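To keep things simple, chains are lettered A, B and C as they appear, and every chain counts its residues starting from 1.
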Amino acid sequence: MSRPFIQSRPEIETEASETVLNMGPQHPSTHGVLRVVLKLDGEIVTDLDCDMGYLHRGAEKIFENRLYPMIPPYFDRLDYIAAVSNGLLYVETVEKAMNLEIPPRAQYLRVILTELNRLSSHLLWLATHALDIGAFTVFLWSFREREEILKIFEDFFGARLTCHAFRIGGMSYDAYPEFKSAVMALMDIFPKRLEEYETMLNENRIWLSRTVGVGIISGADAIDLGLTGPPLRASGVDFDVRKAHPYECYADLKFDIPLGDSGDTFDRYLVRMEEMRQSRRIIIQALEKLPDGPVMAKVAKVIKPPAGEIYHSVESPKGELGLFLVSDGTTKPVRLRMRPACFVNLQSLKKMAVGSLVADVVAIIGSLDIVLGEIDR
Amino acid sequence: MTIQQIVFIVFALIITAGGVGVLVQRNPLYSAFSLILSFIGLAAMYILMGAQFLGVIQIVVYAGAIMVLFVFVIMLLNVRDDELHPDRHKYLLYIGVPLGLGLIAEVFYVVTRVQIAPAITDMHATGTVGTVERIGVGLLTEYLLPFEATSVLILMAVIGAMHLAKREKE
Amino acid sequence: MPLLLFSQPFMDSPLIPLIIEWSLKIFFIFGGLMTALAYLTWFERRVLAYIQMRLGPNRVGPAGLLQPLADGIKFIFKEDIVPLDADKFLYTLAPIMSLVPALTCYVLLPFGDKFVMPGLNREIPLHITHVNVGVLAIFALTGMGVYGIVLAGYASNNKYSLMGGLRSSAQMVSYELAMVMSIIGVLLQAGSLDLVEICKHQAGWFGMQWHLFTYPPTGIIGFFIFLIAMVAETNRVPFDLPEAETELVAGFHTEYSSMKFAMFFIAEYANMVTASAMATILFLGGWMGPFVDQFPLLGPVYFTAKVGFFLFLYVWLRGTLPRYRYDQLMNLGWKFLLPLSLVNLVLTATIALFFM
């Protein structure tokens, strides 16, 4: 009986003792519609191949046919877990191309919202990563704080997931009156909640045996593969766009970049947990320093960046998110090309996972924190 | 007919059916399960004879452990019916049939000629035949040498298996 | 041969009231058991929900108490899917092979001492039947349960199912060894394989001479080995590798739906109760406890409470621990639990020989 769409890929040659396991696109722990074709010897992975594109919507092509102010909603739907960071990337790139000066209040608000988004993204990562390894309770606990953050988002943006209030030149509106106290209240309880997760995981023997030494990637390999974000920093490479090329008001804020040393799954976990603490630090500083004033710069009614090419990148929760803009001086971009963080990070899966067991593949995919909306675009 | 006899006949049929199944099934997994069926019937026979310990051990060891490994291997190798070559050992037919007939003749002889029922001992009277105590005492007194020899044999098999598995890995 | 039972000699023999007694006991035990199993799912979901700071099922009936009924109806009405390339005979046989041994165990479990029915003036032992090798018989039956899982894995013709089946057969064979080794100390003390005798052996010390406390520290070591092995034998978190949701989708029951899936589900919960009952009987004195001599009806209450404790433990573990990896599970079983249980056995024998 011929049913080609579920047959294994013909190009994968197998030895007698090997089997091909088709993981995804419908699988509980490939975080969406990623398809991983694994070549297994028993349960040991001897080779793997990622098949992407099940969520391809042609976003980059759509951009070319939209006016500049029409594009932000598309960005919310790329990395839908970190919509704010994606939106920030787009408006900043256009602002950079147009050489716009953003009012300080808008800058601080943007940083607060982006860092809140980093918290919610990392919490969702923690939830799903823990669930992949079987810690069911951490999964649901993480949603508690994420829910609080999403409530703030709902009050601010009117949306919980695909939220954007950033406009080219600033923000479309100012924060709602209780914004500051709501965020502060959340930040007060946050460290205690983080400690709760760490009690569940940090000294849990099973958690340690599932993550320590699993999916190791060295710093040199990580650089070669173009890894960015927490996976890169877990391998001990000190690179964070917020420090390396500060944008918005990050230069005025004090925060540390947590680094790992062994580059295994546990280090990636630790780095992200520490990043949440640092994000909280940033948010509190920014809230305290939050200046008064307008939130929108003077921008022309019709947005026409001058002709030329420009690259800009921000540190999204997943890694360095870059955007390459080619403009011909008209109202539509000629080309908008993403440097997706998850897509590049996912390329390291083969390096990390070959030689380990099926269960490790799941743990490694979880530790890379991928979002298929951004990978497939 | 007493209830015992009825139960005996039922389980005798199950054992026979299981045995025949092992031979006629093309799928090795079906053969394995026929064998398990046969083992379960045999265990029931032991229990019927009052040897509860032996009956249960029959299930624990043969059906519960050894056959699990058999099934494990069959599943690992994933032998399908079409990969088997039943014609290859055709000469076995000429040896097997006379041997089988001989066995049937022997059984027939035993059933018809040997009429001495096993002696009723005090064990039967007190209902302790085949209990843990009897078997334990028997193994560690009267049959100590065979018992120890068997354990040495099993130990050798274990070491041999480990050796084989290890060499293959290198 | 039903006529045989009603023929004249049989009517006069004491067999008839015995058969009535058995039938009633089987009816009540299995009726109660199936209800208890259904409510075990409700219990698990509620407790897990509280651990995870959510509410759990609370819509159907008061406090969600009719949820198991709703689940049952849903299972019955779901479409029963058999994959095209599945081995249909084995595919149907597998859930049966899984459920039948799981339920058969209950004929052997004693949950109380004799009970005198008022008015009838008959002593009714509170167990359906008892054999003098009860412990082994339970192990034999639970050992048979693995075939259901293995068959399901093979017959589904799905690689995830196959891997689940392979994992489970290896896991159950491995942990069975440590499990059996861990209880030999208990059998040494009780001097019997009969579950009723083992319970009665723990009657001293005001009903508290449980094997957990005797021959210290071997009782406690044996108890914990048994506890770990029993969780592994029943394929529950953190040893739920055969059905590891995030790795193998649903393991051996990936392809199963409707009542066939429900049968696996019931079998899993039935095995949990059997394992808990075994732990209770072997280490926590079964129905023994203070004042059981004066009030025999306290026996089943104690027994249920102890089994309930273990069931809560299962849920608690599920709410707390992540999942082991396959090789780590094997290491734990073969390199830690098995040697430890062997040492424990020698220690118990030494204590029995020299100090008792």
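To be clear about the criterion, contacts are C-beta pairs under 8 Å (C-beta built on N, C-alpha and C of every residue); 3 or more make two chains touch, one makes a residue touch a chain.
Bear in mind that the values here come from a model prediction, so they are computed numbers and not experimental data.
Asker: Have a look at which chains touch which and call the overall pattern line, ring, star, complete or other.
Answerer: line
Asker: Name the most central chain, where centre means the mean of Cα atoms.
Answerer: Of all chains shown, the one whose C-alpha centre lies nearest the global C-alpha mean is C.
Asker: State, to the nearest whole Å, the distance from the C-alpha centre of subunit A to the C-alpha centre of subunit B.
Answerer: 61
Asker: Can you work out the whole-Å distance between the CA centroids of subunit A and subunit C?
Answerer: Each chain reduced to its C-alpha mean, subunit A and subunit C end up 45 Å apart.
Asker: Measuring from the mean C-alpha position of subunit B to the mean C-alpha position of subunit C, what distance in angstrom results?
Answerer: Those two chain centres are 28 Å apart.
Asker: Any idea which subunit A residues touch subunit C in the complex?
Answerer: 1, 19, 21-22, 27-29, 43, 130-137, 139-141, 144, 200-201, 204, 206-207, 209-210, 357-360, 362
Asker: What residues of subunit C sit close enough to touch subunit B in their complex?
Answerer: Residues of subunit C touching subunit B: 1, 4, 90, 131-133, 136-137, 139-141, 143-144, 146-147, 150-151, 153-154, 162, 165-166, 169-170, 172-173, 176, 193.
Asker: So in the complex, the part of subunit B that touches subunit C is made up of which residues?
Answerer: Residues in contact with subunit C: 1, 3, 6, 29-30, 33, 36, 43, 52-53, 56-57, 59-60, 63-65, 68-69, 71-72, 75-76, 131-132.
Asker: Please give the residue numbers of subunit C that touch subunit A in the complex, ascending.
Answerer: Residues 48, 51-54, 84-85, 159-160, 163, 237-238, 240, 244-249, 318-328.
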